[in-house]
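Shared between the two complexes below is subunit A, which has subunit B as its partner in the first and subunit C in the second.
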Partner chain A sequence: MTRVPQALRRPAAVIGLALLLMQIALIVLAPIISPYSPMEADPAASLQPPSMAHWFGTDITGMDVLSRVIHATRINLLISVSSVALAFVVGVPLGLVIGYYRGWLSGLAMRIFDFVQAFPIFVLGMALVSVTGQEIWNVAIVLAVLFIPIFARLIRAEVLSLRERPFVAAARCSGAGDLDIMFRHILPNALMPAMVQVSISIGMAILLTAGLSFIGAGVRMPTPEWGLMVSTGAQQMILGVWWVSLFPGLAIVVAVLCFALLGDVVRDLLDPSRARKTKAPAGVALPVPGPVPGTLGESR
Partner chain B sequence: MLAAFRSRWDSLPRALQIVLGRLALVIPQMFGVLLVTFFLIRLLPGDPAILLLGNMATPDAVAQLRDRLGLNDSVWTQFVSYVGNVLHGDLGVSIFTSNPVTVDLMERAPATLELIFYAMILTVVIGVVIAVVSVVRAGGPVDVASRIYGLAAGAIPDFWIGLLLIYFFFTLLGWAAAPFGRIDAMMSPPPYVTGFLTIDSLVAGDLETFWSAVGRLLLPVLTIAIVNAGALMKMTQSIFAGVWRSDFVRHARACGVPERVIIRAALRNSLPPIITMIGFLVGFLLGAAVLVETIFSWGGLGQYAVQAVMNSDYPALQGFILVASAFILVVYLVVDILYELVDPRIRV
Partner chain C sequence: MTRSELDMKPVLSVEGLRVVFDTPDGDRTILQDVAFELRPNEILGIVGETGAGKSVLARAIIDLLPEGGRRVGGTVEIMGRQLERMDEGERRQVRGGQVALIGTNAKALLDPVERVGNQIVRVLRSHRKLSRKDAWAKAVKLLGDVGIVNPAERARAYPHELSGGMAQRVVIAMALITEPKVLLADDATLGLDATVSVQVLDMLVERSRELGLSVVLITHDLGIIAHYCNRVAIMRQGRIVEMRDVTGFLAKPGTPYSQELLDAAKARPVPSIRATASEGQPLLEVSNLLKIFAGSRPGEEVRAVDGVSFSVRRGETLALVGESGSGKTTIGQCLVRLLDASGGAIRFDGRDITTMPEAEFRPLRRRIQMVFQEPYVALNPRWKVMRLVDEPLRMLEKASAAERLRRVHRALDLVNLPTSHAELYPHELTAGEQKRVGIARALVTEPDFIVFDEPTTALDIRVRAQIIDLVRDLQSRMRLSALFITHDLNSVRSLAHDVAVMNRGRIVEAGPLEDVFASPKDPYTVKLLSAELAVEHEAEARHVHIPQPKEAMI
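For the complex of A and B:
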């Protein structure tokens, strides 16, 4: 049967997916659909209000705001998605190990996570980016470092309860080694909250990247980046030049909203009460259903 | 020995146990903060002395600072001397302002604290009121609006909404005060008492300055509250809804207790997690203040930190991180203590 799952038919899911597709299209087609070059200054056309020639107007150096907003989708999503991917790739195994082996080292790691997470993420990000150098990749790496504790913690919490389940004991009795138990039996069952978190974190990463660039601790001019574009328009906003800052800001809102909505979609798709209806992948132990399925997502 | 200590400890009043237990935890945390700020500068490629003095420094000055920081000694000796300096209130000299960082920070702290203080109050009022109304009148217009707001608030960049507010309320409508600093440039600030211009001007009996300060506070406070109240609202909603469904509420309603009294009792019961959330909120607000202060030329810690980043002013940045972290640790300490005091069911 090729029916569309229930979770994908809710209006929020449709909007979220449509926005995602739109952004992917913008990323792929950026050079074709943007009317001007995103980095070409035209002093003669400085600060033009939106018109037929420039739909979103031009900024102080005469660069076309629409073209820059379109091209910035690439940089912003590249940074956010790669930082979250990196945090996921490092954080998930880390959380798995910390949850599985519970020695003093695990305790220490948790204290360090507590410590990192206690700080305002933006202040810490700002300090780290300015210290490591203001390059695109440094922003991504710093964000990844800040997100690692989130993933490790989520996985650890799941592992702590899963490792006491009978199916783990069963696997151990049938001779499975630690690595086997961790990655083949526990991990697939522990991933759900982390998967939902991926989408939410991408939204957070977009906001943080934009904020960092806004204060000048991130991507630099003339690279098209949303936060940077808002900041180039910030001085003129008070004089009534609203278009330079408005449109990139809207792009941020749309992008973050998109990933927030997708987070809900992922949760609905992976919800255990729905997942049980579909066939379980071979070789994966199904979790014993909890007393109240569906509260899993609520409690986080 | 241990048993004697144990019985002495148990005989202490509960509140004192809570406070002492928490204070003991702060010391290793503060130590961690010092470690982080110390290594922050040493992460940088290059000579820390040159980084701390700036590119214009003379070789003599560099040699002198190398000596003072003990850069020729081992890392641990360096760390000890750094901790010693910090304990004496010496955070180095800002490259950009050439003032001692401690002086700079002390000068700017009240501006940020005042901003965060009022932003906090507004955030809590907005968040809790919307949450309570949306739960009590489930399905009503406030409930629907709260869902849209909850989704949107998490997606709006604070620096952007601040600019939009300036555009609408200052440039277009002319209702709000200009986004340049804490009071009108023509006015002289009231004599220093608390550092809060709103309080100091009232103490000095200067109503004109007071209204100017209030006017200047309006937009930045609103900016921070709009963005941050969403998270608090969602959290409060889920906690309060849980309490609202509980048996004691149903019982109270069956007994004919007026709605207002029930709401108050239910709110009292959802207070502990909300207090924790508010503690975390202070951290978020401090982060938000960095961006919002820049937009409103607020002249507080946040703007100082941004300038430090832009000018590669590492002593200032280091000092800011240290002070901001210490401030947040103190807030968490207070929150933890409050949490345990508010909920007598928690055992120490």
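For the complex of A and C:
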């Protein structure tokens, strides 16, 4: 009995991995499996309900909702994964340094994090995107800025306790310098919560990407993007046109759920001993300042 | 024990007890055919090494097994009533009412947000119908009886306001308040300083005698058994391998395993190879060392090390003994420059290293190494043994990978670890093996001087003896000089040539080991020595002669 299958054998892990594989398949196979072009309008077929020709119906410009939902997987996951990757790459070393060298600079960094995290996320997003332009990469960078403090704080908290551990003193006696201690001794032991946070953050990033597009601060039409699709559909909701918003909304739910489940899997894989005893480490949840995006929301 | 006592019915009798634990690989038997009787007024010692099942036995007696544990056979009879015939309500009355359990680490056993007096009251009122006021009065009286000064006031204290010894007394009071018939003390004084431990145990035994209690003392310290118990049960791998009266056991243990335990508990003779080259200047010379920490209040300062001077010559070992908080570990950390001294001077091989910058001190680290106290936490959990032992070489010496590998293997060999262990992670090793890895790390650069910080604490009897034998062997083979920081006087006898006794940051007495231990002059040294429960002395007190152990085969 090896440790990997044990962590992957739980039902939550199976579902999470299945959803992940499904999304990867959609990303790879999008051009092949989508029945229509995701950006080709057909005014003659506007707002058609789900049918054999259009399984998920069509939107107001006559674009096929199914094809757009499939293609949007690419955009949404690209933005989410790259923003979290960027935040990880910047936040982890930052957290390591400010945790290891305490002092006024570290205090200053913490106050900046407070500021970033206290700022209403959508106001910040709108401001940044309106300055930099509604491009995919800008959205990713905006999200990365929001996530950096999360990773930096997590790592810093770990480092603060690890640096007092006897094995660090022992390493110092063996002649290890600051860099050795930071990167070879402390970092590998501090990464676990951050790794779990990666998965959870991707889920949050999907939600925020959709939220930013929903309020018009994200990518622009006709790019297939879930939040944007929910937003265009929301206007017709009261007319009984439910399909334009519902299907991309469900896609968001599935994607977020998938990464939330995978967070537990990552934790179990990294530390099977702790997994059996306790639930996810406390404090890894994303503190979302400001309004939570209403993904299946009312019209504004 | 008188005839009439022997005839009395046992207060606790355990018969054919078998306990298994669920594991992913099926049931694992933890206790097997455990049977014993506890007579009225008797103190029964249960001794065994980690994993022998001592604590599980205590929990099984009160029918509160840890999660996953099940009793699958045997009976437990308390005051003539079988535990398995009782309903849950009656069993709850037994727990704390007739049988009380005292655990290790009292501070963790107390509720941190409740006044200790209330915690005692709570126990009492769950077993007896009593008004809150009366219960409080009883609790305060009992706190006084268990040796807490000013009990009315201390009853209002929260656990964090108490010292470890005080907290242990509170836990004992909690156990005694319901006037139980049987007291199970599971390593009740583990982790306390020797002097405190003896005070607490003395008090516990005295109270029990007064109240007519029977006590089961579970411990891994044969000195405690020899000093306090009437009978002893030796446990190994879930079985009682031997059970008899303590005097008989000390005179002639009945099984090879108990013989081994008893031998391991004895001190080795003082290392004989006392420096042939004592002449010349000392290798390490500490004069007037001072280390001041900032106190908890602004402006307050704590003099952890207050003007300490000593020296160690080549090939000699100095033991620094004292209780926790005496400043001995701080001295060790100053020597290897984990801490900067606030004053005084440390000279190593003629060079002043007190305030030497790290860059200049680095080459010297190869020659001064330290073995850390807790074996597991001092090893990076994500590094394999190979990398752990290699680290000092990689950092401090310019050697090829092949050369380093060779030396790592030699270091592992020196500490009697098979080279195959190089591929294991720390958590895959036993505590003794972890300790050996720590020693191998210190030895790999072939240092002249090693600081051993509490090398024998938290180890089982036999493992402790093995580590002591290992260090003795290294002393003679490598002509190692060492500073040996410990509160374990038994290991000091086996390892050190000289001894310095520390109390509150100062050395109160120092000199050759034989002189200091044979005729201590300072009252603190006297107190420290009298708190030592060495099996040899206890055996003598029982008019039993136990021979010195043969020099261990290495």
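The rule we apply is simple: the second predicted complex is superposed on the first by the 265 of 300 C-alpha atoms of A that agree within 3 Å, B and C clash if a C-alpha of one lies under 4 Å from a C-alpha of the other, contacts with A are read in each partner's own complex, and residues count from 1 in each chain.
In the analysis below, contacts are C-beta pairs under 8 Å (C-beta built on N, C-alpha and C of every residue); 3 or more make two chains touch, one makes a residue touch a chain.
In this text the structure is predicted, and so the values were computed from the model without any measurement.
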(message) With the two structures overlaid on subunit A, would subunit B and subunit C clash, or do they fit side by side?
(response) fit
(message) One more residue to check, A:Arg165. First (subunit B), second (subunit C), both or neither?
(response) second
(message) Just checking: does A:His185 make contact with subunit B only, subunit C only, both, or neither of them? Give me first, second, both or neither.
(response) second
(request) Considering only the touch criterion stated at the top, classify A:Ser174 as touching first (subunit B), second (subunit C), both, or neither. (result) second
(request) Report for A:Ile121: first if it touches subunit B alone, second if subunit C alone, otherwise both or neither. (result) first
(request) Considering only the touch criterion stated at the top, classify A:Met237 as touching first (subunit B), second (subunit C), both, or neither. (result) first
(request) For A:Gly103, select first, second, both or neither according to whether it touches subunit B, subunit C, the two together, or no partner. (result) neither
(request) May I ask you to decide whether A:Thr132 touches subunit B, subunit C, both, or neither, giving the answer as first, second, both or neither? (result) first
(request) State whether subunit B or subunit C is in contact with more residues of subunit A in the superposed arrangement. (result) B
(message) After overlaying the two complexes, what is the shortest C-alpha distance between subunit B and subunit C, in Å?
(response) 7
(message) Output the subunit A positions appearing in both contact lists, the one against subunit B and the one against subunit C.
(response) none
(message) If we count contacts the way the header does, which residues on subunit A are in touch with subunit C in the complex?
(response) 1, 165-167, 169-177, 180, 185, 188-189
(message) Going by the contact rule set out above, which residues of subunit C touch subunit A in the complex?
(response) 24-25, 333, 336, 338, 362, 365-366, 369-370, 372-374, 377-382, 391-392, 395-396, 438, 441
(message) Per the contact definition, I'd like the list of subunit B residues that touch subunit A in the complex.
(response) 29, 32, 40-41, 43-44, 151-152, 154-160, 163-164, 166-167, 170-172, 178-179, 238, 283-284, 286-288, 290-291, 294-295, 305-306, 308-310, 312, 314, 317, 321, 324-325, 328-329, 332
(request) Note which residues of subunit A are touching subunit B in the complex, please. (result) 115, 118-124, 126-128, 130-132, 203, 207, 210-211, 214-217, 227, 230-231, 233-234, 237-240, 242, 245-246, 249, 252-253, 256-257, 260-261, 298
